[in-house]
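There are structures below to look over.
Look at the two complexes coming up: subunit A is in both, with subunit B in one and subunit C in the other.
Coming up: the complex of A and B.
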């Protein structure tokens, strides 16, 4: 008997108190309202992201003839085909080169600009807006202006080079200069957002750290390397990963500045090659296989980023 | 019968993808509606910008008067974006009723059943058009496309620069082309090219190479449909381009490119070029005095035979159109004298109809006149269903030869291997 009572009391103690019926009803209503409000977003995600992603993965393993509307199983044929294609392999290399030069270089410049714009200087807001402007301006508009500046005979760059007695190259039509030109535009365009993130991070660094360093007689350079840079680590990881993913997905400026993959395919990047395969050659299945490879690259980068930022968070 | 786990997975994957696409692409079957009425959709890459839209709207106003029961919804695009529009509309199960497309596009689309046969015969068409103009719209003896306009490529030269140098006329073979090119090339003291003797880079490289190949006696395909663009004649044509750049240095790679700001010929930075008939419009905008003073001349690319590249725009009807009668009425309207003349005028192109040779527009446009007078020597690209996959590879192959990365023979041999793979893939 005692044991029964004990077990009953233990059971009732472990069970959560039953909410009153009215509260339960309210909870169900709130859940329904929440689902209802979430529904447009969920439907949007499934329709515009979920289904295309599933279809992309599915089509990568098929031969889908978009004009005839036929689908046949192809196994790994598309992957074999794309990796046997010199231009696709070249596009991977170009994407890596583009990323290598745009991400670290733009990050260094962005940190320097953010540090400068974190000082008390005149027209600070104007400078910040000016540096951020390229990020919010349409890429196509930017690319068109840069196209004019790169024009070999009338463009700004070669006019300036002419003044100092240098024969400027044909920036966008010379295979040796087309990629550097695209990288230059991309660095310029990408600095604004990176600078903004660094600026926010700089403003979160406790000022007393600098005061302590001042008391210890640390120089400005020493303070930058001993305090500012280490304190910017979380922001740096974030900027690095986001920029890497952005760089792997670059398309607009490459497409406008150097149509058709640039001279001798010198600016053919992965996204452009996917576009060309799908809409130039109508080979949707191969384009899907290329997209899966790009996805794998981005997934690896994201996982590395998560690991790094997660570890950093744990330490904090 | 035992089915393996792998085969079940494969079957399920195919079923999943097929279901997804059946849902997405499930356009309804074409209607047998013979009545020319209803709403039809037109996809056009040739009425670009506000000016193009104005021209087409005016024409469609006239069409509406003639066919009050047909409403036309227009989707304006450019040739650069045409593939995307066509692909997505067909994949989405809602193809356009009337599609304007380029030369070389008919075999791929007709082969896969995307185009409806038009109620025309080759014999009837050759009464109205030059036979060369009709051929790109025909696939396996059936007419799928009616020509609206022609985009031709041939030689353009500066008469004033030739006269200054004491050169009596344009080149009549490859050797003369090189010789005149070398003679008219000008570099400054630092070696910078200030005037190209021959500009082969302002025009699309494939469309520069092909007329040279045809002029040298080459063909794109053997009679049984195999790639022939690595023949000695084709290699000779690419060798000529390579010699112009690498040996004669009559132009530097990177000196200009298609669509560059300013046409070198108009600016006096080139003495002659392989160009498009509508480069005359560009010259008229950039240096109108050259037209007024008759300083621009034209010549056929010539070696073994005269040749001219003939592209163009054809009007087609989708095989899945719900209003085929209305769609065919629109095709007839767009290809008639009035509408096609307006379309050609706004693009500076060459009318396809023989009857327009005497039009005021053609009489005022010397490039159009020249092209129409030489249509018997016009050659078109395309010809096989895999053409759209093959054509994109020409540029890289030609560039690899011009840059000295490969010999012309190697570049074209590799191109042929790629073409064979594309044809085999089907």
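Coming up: the complex of A and C.
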């Protein structure tokens, strides 16, 4: 304990105009150790994130020939090229539709589940696990299970529909039903994480608010709308932005459930088009231009999110 | 009092039904994996298998190299977890505890990299892997061959470090009291010793969280291994499953057996370590 006190006084002494020599030497040693500890991470991050990001933007404005290895300036040519492609424009629309239906529905379900789970009840961990399980399991593996459930003749869905006398559609091979099917899977998979963030936020709401409402004789539903929802506003914005960014980058379930862009290109999304352009047609520059467009969408969403959250904070 | 008991029952009913709906796909997956071929083709379908064909798993393993896929995924996930823990703890410690010029810049860069979407970097990442000099028949400029494509290098190295891990460790190291390191320093311990023997044992919750999240992401990763591997013996289980499905559309019991192999390890891990998962995902809010 004495040594601790001494060390504190030494530390404050080091802030004096002329630091003792020993301290300065120690500082240099510590810095050297820090540089060594940081070096592998910094090199890795520059190599696998820094350079690729710069390259994506660079390649988007150039013509890169994979086979010849030549690069020449192209200005906005790549962007003109991709927006002249109807399927790319369609994929933007599909991404927006997918996000528009997936995010709000999953959020509403998630907030209700979170409120129900935020009680002192038995078996809480089991319920939470059931709702969170879809999030931690591999999208590919579980998408195959959904594919089997969507099977037109033998699948679980059409079996259940048959019981109630409805003739089920062909789901994943029907251009009208493929996208709703993908959205359904994504909602199911997306509930868990949103619920968890809401659950964490709910635990920060002061209890006396509810006690005061109890004294006033407020009902459970009234308390939900008058206290819980307003108090959850920052969390809601956060969940909203994170989910939008996630939804704009949906790939795995689309790729597995509806290969090759789905029936009549009905489920092709931006990420799938980037994949197809880069690794199907090997048009690297066009793929990078598409990546930049996707990045622009995500950037706008993030900025809007920041604005909204920031404003919310000012009001409070 | 009676009203309260009733409300409790309603709560359990709602959560029970909701939870059941959420796990239906998992149950259906396991049930299908245990059905015979005739059972699967039966119309109308049976909910439970007529006979429980446990041999489906052995048959699936014989039919497609799911065993190899499983091993590959396991090795890669363990590799990612170990490397991420080693590099990110060191980096997080340096950023949190040692003052040096440019520290804020480095930290801001890590934060920015956390927010970079996959698709803003994946195409050049592929090109970098393909152009790795001296590998896979490449010359010193990385031309002529396949570089790192179809190798263990490309499966393990690029995804081995996440900015999120550095960020999380930095936050944890930052919260430790200064007296600890000062005392160790008086005792003559070097900076690395303080990091490894004094501070790191105190951030065990962060280690557990990062380890689980890294393992989970690595095990479930699909796009990168899909892009960089074509050899069957290097496929991870997610890519192997997707390939098997494209080749054998109707072998549903084998496919479900494979899906079970691909999901059950994560489910078991999650049920045992739920607390750390929940902590990790709730604080991070990102995958």
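The rule we apply is simple: the second predicted complex is superposed on the first by the 293 of 316 C-alpha atoms of A that agree within 3 Å, B and C clash if a C-alpha of one lies under 4 Å from a C-alpha of the other, contacts with A are read in each partner's own complex, and residues count from 1 in each chain.
Convention: a contact is a pair of C-beta atoms (placed from the backbone, for glycine too) under 8 Å apart; a residue touches a chain by one contact, two chains touch by 3 or more.
Computed from a predicted structure; not experimentally measured.
Aligning the shared subunit A places subunit B and subunit C in steric conflict.
Within the superposed three-chain model, A:67 lies in touch with subunit B and out of touch with subunit C [touch as defined at top]. Measured by the number of subunit A residues touched, the leading partner among subunit B and subunit C is C.
Legend: residue contacts after superposition of the two complexes on their common chain; A:87 is shown touching subunit B, with no touch to subunit C. Looking at the shared chain after the overlay, A:174 reaches subunit B, while subunit C stays out of its contact range. In the superposition on chain A, no contact is made by A:184 with either subunit B or subunit C.
Using the contact criterion defined above for the overlaid structures, shared-chain residue A:55 touches subunit B and also reaches subunit C. Judged by the touch definition given at the top, the superposed model places A:265 against subunit B, while subunit C stays out of reach. Shared-chain residue A:254: touches no atom of subunit B or subunit C. In the superposed pair of complexes, A:245 makes contact with subunit C only, with no contact to subunit B. Judged by the touch definition given at the top, the superposed model places A:283 against subunit B, while subunit C stays out of reach.
Comparing 7-15, 25-33, 133-141 or 349-357 from subunit B against subunit C in the aligned model shows that the clashing stretch is 25-33. On subunit A, the surface patch touched by subunit B in one complex and by subunit C in the other comprises residues 51, 55, 59, 69, 147-148, 151, 153-154, 259, 278-279, 284.
Those residues of subunit A that touch subunit B in the complex are listed here as 51, 54-55, 58-59, 61-62, 64-69, 71-73, 75, 87, 147-148, 151-154, 167, 169-170, 172-175, 177, 259-261, 263-265, 276, 278-284. By the touch criterion stated above, subunit C contacts subunit A in their complex at residues 8, 11-12, 14-16, 18-20, 22-26, 28-29, 32, 40-41, 43-45, 87-88, 90-91, 93-95, 98-100, 106, 109-110, 113, 115-128, 143, 157-158, 160-161, 163, 166, 178-179, 182-183, 185-186, 190-192, 195, 216, 219-220, 222-223, 227, 237-239, 241-242, 245-246, 252, 255-256, 258-259, 262-263, 266-267, 270-271, 274, 277-278, 281-283, 285-287.
For subunit B in complex with subunit A, the touching residues are 10, 13-14, 16-18, 20-21, 24-25, 80, 83-84, 87, 90-91, 108-109, 112-114, 190, 192, 201, 252-257, 259-262, 267, 269, 388-389, 392, 395-396, 399-400, 403, 405, 422. In the complex of the two chains, the subunit A residues touching subunit C come out as 3-4, 6-8, 11, 26-27, 29-31, 33-35, 37-38, 40-42, 44-45, 47-53, 55-56, 59, 69, 113, 116-117, 119, 121, 123, 125-142, 144-149, 151, 153-154, 156, 159, 162, 188, 191, 193, 196-197, 199-200, 238-239, 242, 245-246, 249, 251-252, 255-256, 259, 270-271, 274-275, 278-279, 284, 287-288, 291-292, 294-295, 298, 302.
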